[in-house]
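Think of it as A, B, C and D in the order they're written, each chain with its own count starting at 1.
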Amino acid sequence: MKVAVVGASGYTGLELLRILLRHPDVELVAATSEQRAGTPVAESFPSLAGLTALVFEALDPAALEGRAELVFACLPHAASAPSVARLREAGIAVVDLSADFRLGDMAAYTAAYGAHGAAGWFGKAVYGLPELHRASLAGADFVAAPGCYPTSVLLPVAPFLRAGLVEPTLLVDAKSGVSGAGRNVDAAYLFAEVDENVKAYKVGGVHRHVPEMEEQAGRLAGSEVRITFVPHLLPTIRGIATSVFARPTGPLSPARAREVLAEAYADEPFVRVLPEGATPSLAAVRGSNFCDVQAVADERTGALVLLASLDNLVKGASGQAVQCMNLMRGLPETTGLLEAPLVP
Amino acid sequence: MKVAVVGASGYTGLELLRILLRHPDVELVAATSEQRAGTPVAESFPSLAGLTALVFEALDPAALEGRAELVFACLPHAASAPSVARLREAGIAVVDLSADFRLGDMAAYTAAYGAHGAAGWFGKAVYGLPELHRASLAGADFVAAPGCYPTSVLLPVAPFLRAGLVEPTLLVDAKSGVSGAGRNVDAAYLFAEVDENVKAYKVGGVHRHVPEMEEQAGRLAGSEVRITFVPHLLPTIRGIATSVFARPTGPLSPARAREVLAEAYADEPFVRVLPEGATPSLAAVRGSNFCDVQAVADERTGALVLLASLDNLVKGASGQAVQCMNLMRGLPETTGLLEAPLVP
Amino acid sequence: MKVAVVGASGYTGLELLRILLRHPDVELVAATSEQRAGTPVAESFPSLAGLTALVFEALDPAALEGRAELVFACLPHAASAPSVARLREAGIAVVDLSADFRLGDMAAYTAAYGAHGAAGWFGKAVYGLPELHRASLAGADFVAAPGCYPTSVLLPVAPFLRAGLVEPTLLVDAKSGVSGAGRNVDAAYLFAEVDENVKAYKVGGVHRHVPEMEEQAGRLAGSEVRITFVPHLLPTIRGIATSVFARPTGPLSPARAREVLAEAYADEPFVRVLPEGATPSLAAVRGSNFCDVQAVADERTGALVLLASLDNLVKGASGQAVQCMNLMRGLPETTGLLEAPLVP
Amino acid sequence: MKVAVVGASGYTGLELLRILLRHPDVELVAATSEQRAGTPVAESFPSLAGLTALVFEALDPAALEGRAELVFACLPHAASAPSVARLREAGIAVVDLSADFRLGDMAAYTAAYGAHGAAGWFGKAVYGLPELHRASLAGADFVAAPGCYPTSVLLPVAPFLRAGLVEPTLLVDAKSGVSGAGRNVDAAYLFAEVDENVKAYKVGGVHRHVPEMEEQAGRLAGSEVRITFVPHLLPTIRGIATSVFARPTGPLSPARAREVLAEAYADEPFVRVLPEGATPSLAAVRGSNFCDVQAVADERTGALVLLASLDNLVKGASGQAVQCMNLMRGLPETTGLLEAPLVP
């Protein structure tokens, strides 16, 4: 399968190259970057020296027609929409990693991101969380890969929302490694500012991922869900650790809480429900497409605590996008994605 | 004032030495360590070379009588109680940094730590959180310095509990640097295990700090408080970042929530209420006795989020212990403690 | 090919499992650990959950006979020799990752490690640095995988020593991530001691890797080579960055110095000679079997600086061991080893 | 003493504020920043909240006349010279932390930095390394604070060069924390690029600190000294670890090598010669004005290895600048500078 990555000079683009280079059914035919057009990929990314002879090119949807049958779009929010539209219009399948096609509610989109650049395609993409939308992904040509935070919230909470086991008011404390901000050259992401530091930001409902989480959670619950979201920046390159605090709608024993997760994910290759007493860690998923989850029902206080960890660049972005591609094209879902995490 | 530090070879002991060496009213007369007795302090701690000629000695409460008028006890939980009792019986004032004298409820103590080693002294210490118990600390001879997590929870939540502004059910997501575990030579604290990692542990009510938090919170609220506690280990040496999720008992605007904090701590030298929109960070308190706090009332979801950051070895342990000493001896409370944080 | 890993509960063992699980020609039949015998591997290493059903067993060379045709031995120095001997006597091919069979000079071995536990097998292993000893590795049944520091020194310096282009007196300043010390539960490797820190250790000739480097370097030069070695501990999990300072025996232009490297390694899949002006970094080789090298001839001062970076657990240990296995068994040398580095 | 810091919004400026706020003889009267003029210092640097009411102002040398008797200039190289000249012309004493007045050789300056912005003042400043130039600093009004790398090289090597004990050809392998690059918003200093990474840069003679080191070393030796310099970027916020490889001019025993250092620095408050077998670490000097040094004469290879560690923002910049100020004004040299390092 001939595949291209557009907007390939950021971290999700680099991660796609890393994964696709080992994917047995993929031929990487193009990687685009406006700033680096004409430069060998391996010059910009010395880690890839000896692994690829690709040269960055400028993005030209017409020129990709016929060369690539599927494109991963790693463009910034808002910039992505028009390019994706042109790729779709050229008949090329697209997995978009931006936020531009994740929502179904245009008002929520414009409130968070401003005017949409390809309104005709809005609402047309399948939301690419395979564990929740696998059937819709089979044979799809247009997929919006979920945000990293939403993936870490939705996977542990989905079985509880679907079964009506928790109230529709969730409190989420989430922590993300700095690559979640992309290759963003901003003082806030300098080593001397981030190392030995942890800091909450955009506390409350103001983070752009909240509408995405609430919309998907609402579909699972069958009614509106409200999420208080407290994200933090961590002194790690990769990884998201999420705590979801929920209130059970009825009695929920610790054993039953774990069973709910275990039953929901028994056959999922990438969601690992941890044994009793174990807690998710960033290390155990580093560099991999796994999402580790745990449920702790605290009968003393009546709270249900759901914990999840994933690698924001893999299961939170590029790995999940490849998982979607596998499903879109009828390949075994785990192809190219079952590498062991990099530990230590 | 002649002062000794017993159990001085761990991290809280070292931090006390660091602070006391610059304290203008303190003469350090002894530092004890069973394992390092006979060794110069500066040999064990090369950072102190050129700053102190002290030699570690074995702990002998009788030998400290007359030499030290106040002792900081940095012994492990359970080991501390009998030594502290002997020091008190020798008429020496004590600030104990262990958990042995923090609680008022013996059943809660024994459930968490086992049999108490000096039951006659149990319940006799003042709980050394100056912002809440300043009056009792003046002239006191026996103080139990609070735990680091409880300090980070109680300071932001106290004004709300006291005024009955929040329900007595709190959800706490806390993150601590690895020095919070002391100089504990355990595989879990190896660099290769901790770096690039974050991991929750002892989730629910099983952490030993929960009874301390609930007891103090209950006194503030005037009724029982239940806390769901989710601590995490961070890849930082120092620092605690705490999120407290509370439910207001009535309407609470964002502005009013901030005012509650601002009014409570207007005159406190070590509690900094951040301006609107700012969030606490570990960096801004690194190496200092400050605790930074913020309140965010999320009217959309009806949740109150309280955020706090402190340095677990300073405001969470040794700095707070010196703050207590200053109050016990009638010194200006900030003596030796107003150093600027080490940033970057 | 049926393969076992003995001493599999340390970091080089875990890294071998990580690599072998993706190796298309390997079936992992056993992993041994005395302390964890009876425990599922995935319980000790949560990162491997879902990837292997292996259960740690105690090491019994007799029981491996017939089950495994090749064993990777990851036992501690000195402990390795007798076990390796028994495996070899059982007719099993062995790649030993300890220091026990790397040297040819027994006096040097005993000076560094004490009495050898299987003197009859001493000197019988091929030194497993494929770029220097490829021919001897083809078909071999007994290989000693090189040390991580020696690999990082020998690869950049070999072409210069072989051609007599540098004096036989080398100055080496090397820096290693903490996993180079193995899963060693020692206060020196605690996060709070290592983070934000760098420290030289065993300066001069006292590091155990010096005899190995000097012996191999001497063979390349055809005469005795002396190495002043200054290793450092870095605040990273993985990676070795090495500077070798050499004195050219005659005029050596910057361009010629680079050419010497480029010619030597033009056809090597795992040694990447960087373009002019680029310098090796740990990031660019993280998690991979690459060794990146550069040569800078400083004509102003008359010094030749050789720089190398590698991942101590991959090219410095387990990856190189698998590279050796591929050669021993006639497989394509890169099988299972051409993954892109984990960047960022 | 009334003191101002110009260019106070970078890391050396912030570090000066941190130190001067605790200095008993200093009143901070102004902090300048073009970009932040009008903003409270504590708003830009939340760590200083509660410690200073200063508001950043734009730099106006005339306006400082009469208000400040001494100014620390933390402006970028080249930008510093004209401002410093105007301050000097206004009769204000200056400690300049830029490179603009460190050299005596204008050709070397222009080769490294381009045209000098105040040639009339070039060569007029005292080189502010107190351990080497204490007498000249007493009563001086114009001081150029040394670079961080040169300080770490010159202190260990000075006694050997002065006594003619080593050849005038030095090989230096140095490693610096990222704050050495200042608050430089560049992709190279992002957390995701620096963490878990180490990388050499500007290898050979091309680093701008080389002329400064060679000029000062040459004065000590009484003849030209050539330095091959290999700097590295470390994943730490602070700290420089330097190895100097020298060749003794005659027999030099390990004991004698240590004695040379010990004798040279016996009475120095900030240079700590480590005991035999100990090696400098970044941790032991973190946040302090100490420089720790060690000498290892390797008789087996004939090399002398000198090791040094210091905090680049303190002894490598702002602390040393304050040490100079103390000497310039006749204060005890250690005033405000004898804080214990922040360990752990």
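By our rule, a contact is a pair of C-beta atoms (placed from the backbone, for glycine too) under 8 Å apart; a residue touches a chain by one contact, two chains touch by 3 or more.
A quick note: this is a predicted structure, and the numbers were derived from the prediction, not measured.
Of the two chain pairs considered here, B-C and B-D, the higher C-beta contact count falls to B-D. The chain with its Cα centroid farthest from the Cα centroid of chain C is B. Annotation: 36 Å between the Cα-based centres of chain B and chain D.
Taking each chain's centre as the mean of its C-alpha atoms, chain B lies 45 Å from chain C. Among the residues of chain C, those in touch with two or more other chains are 11, 177, 179, 183, 192-193, 195-196, 235-238, 281, 283, 286, 344. Of all residues in chain B, only 11, 14, 17-18, 21-22, 43, 45-51, 179, 183, 195-196, 237-238, 269, 272, 274-275, 278, 281, 283-288, 290, 292, 313, 338-344 touch chain D in the complex they form.
Residues of chain A touching chain B in their complex: 169, 171, 173, 175, 177, 192-193, 196-201, 203-205, 226-228, 230, 232, 234-239, 241, 243, 245, 279-283, 286, 294, 296, 298, 300-303, 305, 307, 309, 344.
Partner chain D is touched in their complex by these residues of chain A: 11, 177-179, 183-187, 189-196, 235-237.
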